[in-house]
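Letters A, B and C mark the chains as written, and numbering starts fresh at 1 in each.
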Amino acid sequence: MSVRPAEFGSHGLNAGALRADARRESLGLLGLCSPGLALVGIIIVLPIGWLFWLSLFDESGQLSGANYARFVEQASYIRTFITTFEVAFLVTGLCGLIGYPLAYMLSQLPRRAASICLIFVVLPFWTSVLVRTYAWLVILQRKGLVNTWLIDLGLISQPLPLAHNFAGVIIGMTHIMLPFLVLPLYASMKTIDADYLRAAMNLGAPPTATFWQVFFPLSLPGLAAGVVIVFILCLGFFVTPALMGGGKVIMWAMRMEQTTSLYSNWGAGSALGVVLLAVTLGLLGLFRWLLGARAANVWGAR
Amino acid sequence: MMTRKSRFASALAVTGLIGCIAPAALAAETITVASWGGSYQEAQSKAFFKPTADALGITIKEDTTNGLDDVRLQVTGNAVKWDLVELGADECARGTKEGLFEKLDYGLIDKSGIDPNLVHDDWIGITYYSVILIYNTDVFGKNGPKTWADFWNVEKFPGRRALGGAFATETLTVAAIADGVPLDKVYPLDIDRALKSVDKIRSHVDAWWTSGAQAMQLVKDGEVDMASIWNGRASTLKDQGGPVSYSYDQGVLTADCMVIPKGAKNKDAAMKALAMFLKPDIQANLPLYIANGPVNEKAFDTGKIPAGKIAGINSAPENVKKQVLLDPAFWGDHLVEAQEKFDNLIQQ
Amino acid sequence: MSIARSAPPINIRGIAKRFGSVPVLSDLDLDVASGEFLTLLGPSGSGKTTLLMILAGFVRANAGSIDIGGEEVITKPPHKRNIGMVFQNYALFPHMNVFHNIAFPLKQRRTSAAETAERVERVLDLVQLQGLADRRVDQLSGGQRQRVALARAIVFEPRIVLMDEPLSALDKGLREHMQIELRSLHRRLGMTTVYVTHDQREAITMSDRIAVMNKGRIEQLDQPETLYARPRTKFVAGFIGESNFIPVECRDGSVWYAGKKVHTASPSPPSGRHLLVVRPERVRLAVDAGLVADARPGANANILDATVRDIVYQGDSFICYANLADGQQIALRDYCRSDVLARLPVAGQPVRLRVDAEDAILVADET
């Protein structure tokens, strides 16, 4: 008697029972996931959907694109939008420039020294953002520590404008964002096998070539993770620009707060949220694509 | 008006909730009053809430608010937990339009002695605060900027400046005065003219403050040499020995108001309490604790306020003459539009 | 591709290395002949990998000299030593494909693109990976990765190749196959090779000479045959192959066990306690019913009375565990030929065992 494969599967010994068992198992897994799924649905998907829905109506409750039209019609929105991305790019870049050598140093330290240094990196996490921002204000303002010292040392005659402006926002935010870049980067650097570096040197690569051709590309996933985290946190940042910007550095999140709380225009606020979300997702996609292209370039054909 | 609209300060729970202050009376009714927190609410609590609770035999619980937004959320969300809420008069005027408040019972509330501008169907003034010009005497000595025109005059008074950024109604009023509008002609405000005036000064403004605390900090740390500031903050700075000078000349006298949110659970008790808050005798308590003035001018006739203190109160008749009264009815119509235009201007 | 023309000897003198206060290598000398395949064999912690790391330049020694073809390299950085190395985990760069991995050393040497392509092609042929140049590293099997690592280590024609347990990650069949391949590749290219392993069978299979390392020293350096047949220390005897250790007494230039004189291949030892090393396959079974081995004692043969404790059948061979008269355990191994199987003793049966003098090696009792 010849048995076709399909029949073999469905009519084998206990086949039905085994299939039912497999189904029970996946249902069980689904059951375990469902609280998480429900939570995500209720606190993320639903509000975002609602946000989008709200943004489609103007103040009189009419379906309209007015909430989106204002972004192109009003200079301040465009200014805010540009400021937001300027800040995000600059802070991310500075975090990268400061954070990469820091993470590299940490990853090369002996374990014990590294964990002590890591505590100093993480320490700011345990202080509120508000407190840290105020601390920067005290340090950077006109009669703050930095300016007082520089003037006392005779290096400058007029105080540098470091607080209540763009520079203050950048300094404050870079400080706050730095751990978000350093930690994933450090974690990824720690996983780079020392043998890769030894192999590179053994094959004739001087230390700089070893770093750029082997260590750096291998640390890119960690750097990318850190950069994405920092960039996205920057886009939605509120406290530091609000305090350090002197009301002159208006970021997207502050604009949203104003729109909902001062103008009580939820539609316009939602539109702001939707645009930020869309642009963020777009950038993430672009980033992924760029990284992917780069990876393909490295891994691909000669 | 210590922490009025100190938006993110409250939002970040810098001010905690203040618990029940009245001893629990047996079988007494309980109402919840939300105000602006901080030392302002502490003063209010001693001046208004406790005497009222004692007199009516009710319990008054306290909460803090961030303003109209909170009320709107509670009312539209059908979850009203407050029975009385203090707001800025401009917010009250706006809230009326949105139908967020209960009608007030003027059979119960005696409105005599209160500026008719601040008496409305569903909201009534409760206290006064002023926006005034403060300057650093270390920088200018006694010859600092005394008028808003001086403040706008960057050649004659070089130095760093701060203005309220989140409070367009106040800053636009100030800007109109600076542009030469006489005090009695400020309202109805020519918004476009005021905006143009803001446009002249905006590149010379080093900080747009968003909370009373920030305004105070900017002046205290010498970060700015002159600023617009709320009088409560200014008097605190002076009391702390800061090198500052200010007066009520060309001040913007502004009222806070109280409302009963639509759907409040203890509306009747809240009405009684509000009537009590507004009695001259109770109103007269406020200056004993803080420089903000009572809204009921009869309070000055009670003899409760020491003669020496009267000159320092922003709503004392002598001081009212020097100031312009911020017109809440006008802002009820133009608040949102003006704020948005103002923000668009300063954020360019 | 040929390296033999220039393969230099390596002369290592007085290498010492401590990690903190722990000595890892102490005053170690080693000479590797030109074109030789030399294996460092030892248990983990014996210092063999450290020595390899010092040779490659990854670890700085505390003292000593490494002379490669007349040139002192001890202070040279790794990238200037021109030594190929195959790592235990291969250390293939995961962000490069096979081609770029192999071309890496050529790129560092500024080799032209055309020559790079040609040499990569050639070395891929050599390790039988034709057509895999575009593969990503994670698409390769373990054996293929091993070959890529090897190709990368030899593509720039280094004078010396170091290998750090390169086959330990492969399964048994593949490992044995690669052993033979590596060996023949070495014969063809003739580079001086230092190979590290803890697998004694692998060492014996592949090496020209083996240096057995223990506690930072070289215990014995010999050809595999000598090392197996004439271990000089108990450690070497125990580490290479299986061994019976029988405690014996030396007096007046003779060796005594259980009151009987023992014939050994070793020259007259000093008096005192020693160990007699006998490989299990050199112990022969003498059964009463008919001799598998001659049971008569003689000048070249020792006959021991024993009782069989257990017989373990292993397919191609069996192991017989027996107790000597004084309770000393001894193991013997033989192939399962039918004539032997027919006369296998059972547990509890008394047997006589024969050990020829030339199979009895005397070593110092170190414990």
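Here is the rule we go by: a residue touches a chain if its C-beta (ideal position, glycine included) is under 8 Å from a C-beta of that chain, and two chains touch if they have at least 3 such contacts.
No experiment lies behind these values; they were computed from the predicted model shown.
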From subunit C, the most remote chain by mean C-alpha position: B
Which chain has its Cα centroid closest to the overall Cα centroid? A
Subunit A and subunit C have mean C-alpha positions lying a whole-number Å distance apart equal to 53
Find the geometric centre of each of subunit B and subunit C from their Cα atoms only, then give the gap between the two centres in Å, rounded to an integer. 90
Any idea how many Å lie between the Cα centroids of subunit A and subunit B? 39
The residues of subunit A that touch subunit C in their complex are 193, 195-196, 198-207, 209-210, 213-214, 217-218, 220, 295, 298-302
Interface residues, subunit C side, partner subunit A - complex: 56-58, 77-79, 81-85, 87-89, 91-97, 99-100, 104-105, 108-109, 117, 133-134, 136, 152, 156
Where on subunit B is subunit A touching in the complex? 7-8, 12, 14, 66-69, 72, 94, 98, 160, 162, 165-166, 205-210, 214, 217-218, 221-223, 336, 339-340, 343-348
Name, in rising order, each residue of subunit A that touches subunit B in their complex. 74-77, 79-80, 128, 130, 137-138, 141-144, 163-165, 238-239, 242-243, 246-248, 250, 255, 257-258, 260-265
